[in-house]
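After this come two complexes, each holding chain A, first together with chain B and then together with chain C.
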Partner chain A sequence: MANQGPAYYSPYPAATYEGVITPPEGKALLLEDVVDEETAMREIAKQMLTKENATIFPGPQVLYAWSDEAKRKATLIKEMAEVLNANMIPMYDYRPKYPKIDAEIEINPNHPNLTIWENKIKAAIFIGVHCHYANVALKIVRAETDCYTIAMCALSGHEDAMATIRDQHASDLEKFIKIAKEVKSELGV
Partner chain B sequence: MALDIYKINPEFRDIMPQEIIDLEEKATWSAKMDTPRGIKELPDTKELLEEHSLCAGCPEAAALRYVLSALPKPEDTIIVNSTGCTSLMFPHIALHTVHSLFGNQNAVASGIKRVLDWRFPDIEKDVVVLAGDGATVDIGLDYTLQSFFRQENITTICFDNEVYANTGGQESGATAKGQVFKMAPLGKKFEKVPMWELATTSGCHYSVNMTASAPKAVAKAVREAILVAREIGPTFLNIYTPCILEIGLSANEGLGEMKDQDKGRFASYKHVSPEAEEFLKKCKEEGRI
Partner chain C sequence: MSKRSDMTNTHNWSGQKLVSTDYLLFEAPREKHFMTGSEVLKEAMKRCTVDASVSYPITPQSEAAHLIGELWAEGYVGTYFRGENEFGVMSEVAGCAMAGARTVTTTSGPGTLRAMENFAQWSGTRIPCQLILMARGINSPLTIQPDNLEVSYMLETGCMIWYAENVQELFDMSIAAFTVAEKPDVHVPIITVVDGFFVSHTREAVMLPADDIALEPYDPYKAPLPPIDSETPPGRFLRDPFVMKSNYISYATHASWQWEVRSAVERSRPYAEHYLKGLIHITGEDDAEIAFVTCGTASNQAKEAHRELMKLGIKTKVIKLRTIRPFPAKELLEAVQGIKHIFVPEFNVVGWLEKEVRKELYNKCEADIVGGPRVAGGMSMPAEAIIAEVMEKINPGKGA
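Moving on, here comes the complex of A and B:
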């Protein structure tokens, strides 16, 4: 039996039922606390650098070269993975895979827990996933796994993630990478 | 930008599954082709529908592959579908698809087409409705006909299996007279509604009744219907895709059933309005069909 998450047997596995909502502009969310963005970035870097099998799940908005911002973010996410010593598993689209996904190398928002169980992932960053599917995936992960989920969102964040930072554009990712390098050096990992 | 959403950023190419790389490199996107797309490329190119969850041997799955192979500009096409067996395949298509409420598909497609024309005035965007006979001829008949009356520039394709198949076998307007199903034990009391004729009298510029027994014929009709819809007005295709389970056939008997019906209830019918005929002639001269 897989380790389950904070919402496991709840009939309403959504953070909003516990009063958790997305952070206001300029702020971030760590579990249920609204904090400064830099504080959240430090905690996110620490979690990714210290938890087992930390993984980045890039979504369609960054996997494909559909805009200059997407191309820039792709380069930065690759650098981020190297700094965080993280694996990358793509969420390349949202189609349900028939008859089943290869959970070792891909993740699907309709059953993201399979990939997290298969690879024993204890911390994960979701980035470039469209809001509606990020909401679905994060709720499932929240209920079905003990993975520390991080949503790096270009819009207003996701309350179902354990940590969320909002309005993340290319320049913000550069800032995060700088902080992650500092945390990495402090931790000596 | 339409095709750019399939271009993989080089940083992620090494982690992408082969099927997604193939979609970028080996699918027959219109922007990359010198000649019109067609079923001739099916054997050695990447299909837009690779896997599906329909029954083994279902003619509908084959028909959808023919339809997808013949879309003039798949990267600029939006497919609207409705509840039914087809909706089990649509989530697997690598194109933009919109699932509407049951029967609403032509109303939804009308709105999408109008907004696309407003948002992208310089780009040809095709909207194709693909639904079963329950959604098109039965519960959704009003919406289907109203879109023809309004002369919406959309193509409507009905996968006619003459029954509500995935809810256990209830009769629809398209069911043949006397036909008995599990949930229609007394047999259909009236004749099959000739939707292709209704489409003609309701203002469609191109209306066809056929089976999916001949892939080339299906692909040709799809291509012509979409081009006419783009330039002239509404078009309609009624394609027989029998539910082999509901009529008691085996997985390998679908094609035989369609061939039989080529001379029966689905004997060839084709209406092309004078404007559409002239337009298609021009398309042929330009090598678009």
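Moving on, here comes the complex of A and C:
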């Protein structure tokens, strides 16, 4: 993610217009800096363990048991939430909620800010969300809230998140959980 | 009938061995052939494991759509059909791509404008289809010869736009185009432009790899939106309507969505850099004070002018833009360092490339920018016309 704040006249900033794009393979992004994956994982764990109402937003790709990888990831995400002392609010689907979303229990990419405001979330992980919808949501969250956004992506990552790691498969989640446990122990939380 | 289920892990449905894009473009042995642009496009698509092609093969644009139809008859293209008109074609291309098919079509000139609404819809739905635009200008009066006015209409559709100079670039670009467009963080349509007639109808030498190898198939499950699939969650019979049913939130979604489409085009830069070996290509003298900024066949004519001007002791360089969207702003700015006069020769009356160049260099470069020479409607652009423009600037009133 590049600098906070509006890009041109739009209230919805886009990091690419400030020269920040998805990290290369094997790397991660912390704000606008390309860093090693492990460095990013440590920072993500620290943010989640120290910010108020840290929450994981699992998307359809891990909510529904449509593949063995999805099932394995879902189990690991539950473990991740316990290690990070985090809440879990699902993104079941991508269609706008009408007439009104129940923001306490659900998040939607078309108005993710409502859920973040409602639950006073200061750090959040997006995982298992299709990339386009994650990007649409991350831009809105960045413009409308003070939430520290984290994208754990199975593909190329998301430059509009404040921290992003890419190519995250089940084995990578195991690695993250191990690092998160170490950080938790170091912080004594 | 050719289809995905006939594929193996190593070969596609037509029996071609599946290879990486890097191998196909950079490593596979090549042999020299002598072909028109339309024929070369057929050869490129033959090596792309194309699932679907839709056409409105109106003559006399080019033979390209007809030749892709032959590929279907020969078993190389999964499915091929004709739309009732250009709007129908582009809509059907969208349907094929949303369902997970690697899809290609061709058009030009008036047909492009008839289908116009679709191009912004293509990018908004993040489909990685390819349009080969063999530019021929816009009515009226009718022209079937080179004029690239229609490209100006495509600039803000949210699609990537690449511009090939000759048949060799058309072959290599149209293969790379699928690969870049299908990257999960890009995943927007790509328009590969060539100048009609000069490239589509003219026979040139071209180096081609063997035709028993082809690209790996497109994987729609790496798309940034769920493909149409009613069995895999979140099940879809259609792409989601994104601003309906909630007026309260629609502005936020729509604004973010549009930024995201344009961000996707920006993310294509490093991939294009790799597969095209640079977003721009420079020919000529490093210490020149005169530069021609070009795309397409105007590059070829500018190179001829460069050679003739060298005989007069006048150093120039040609900066050919291979990508128009994303626009290679940083590369162009670096290339014009030390340049005093920039000329933008174009095959259209409006000077859309000159406007692009002026916008990107405004307040960043002190060079004088000349929009010209411009020809249109099928006129050729002899090197003498470019030389005359240069001489008028550096030696006013004395001629070439």
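The working rule: the second predicted complex is superposed on the first by the 177 of 189 C-alpha atoms of A that agree within 3 Å, B and C clash if a C-alpha of one lies under 4 Å from a C-alpha of the other, contacts with A are read in each partner's own complex, and residues count from 1 in each chain.
One rule holds in what follows: contacts are C-beta pairs under 8 Å (C-beta built on N, C-alpha and C of every residue); 3 or more make two chains touch, one makes a residue touch a chain.
All values derive from a computational prediction rather than experimental measurement.
When both complexes are overlaid on chain A, the residue A:95 reaches chain B and chain C alike. Judged by the touch definition given at the top, the superposed model places A:77 against chain B, while chain C stays out of reach. In the overlay built on the shared chain, the residue A:66 is in contact with chain B and with chain C. Of the two partner chains, chain B is the only one touched by A:106; chain C is not. Contacts of A:189 after superposition: neither chain B nor chain C is touched. Contacts of A:31 after superposition on the shared chain: neither chain B nor chain C is touched.
Taking chain A as the reference, the larger set of touched residues comes from C, when chain B and chain C are compared.
Of the two partner chains placed by superposition, only chain B is touched by A:58; chain C is not. Overlap of the chain B and chain C interfaces on chain A comprises residues 60, 63-64, 66, 92-93, 95-99. By the touch criterion given at the top, residues 7, 10-17, 21-22, 24, 60, 63-64, 66, 92-99, 109-111, 113, 130-133, 135-137, 139-140, 143-144, 155-157, 159-160 of chain A touch chain C in their complex.
Residues of chain C that touch chain A in their complex: 126, 183-185, 187, 222-226, 232-234, 240-246, 248-250, 252-253, 255-257, 259-260, 262-263, 266-267, 269-270.
Only residues 1, 4-12, 15-17, 20, 51-53, 91-94 of chain B touch chain A when the two sit together in their complex. Taken in their complex, chain A has these residues touching chain B: 58, 60, 62-67, 70-71, 74-75, 77-78, 88-90, 92-93, 95-99, 102, 105-106.
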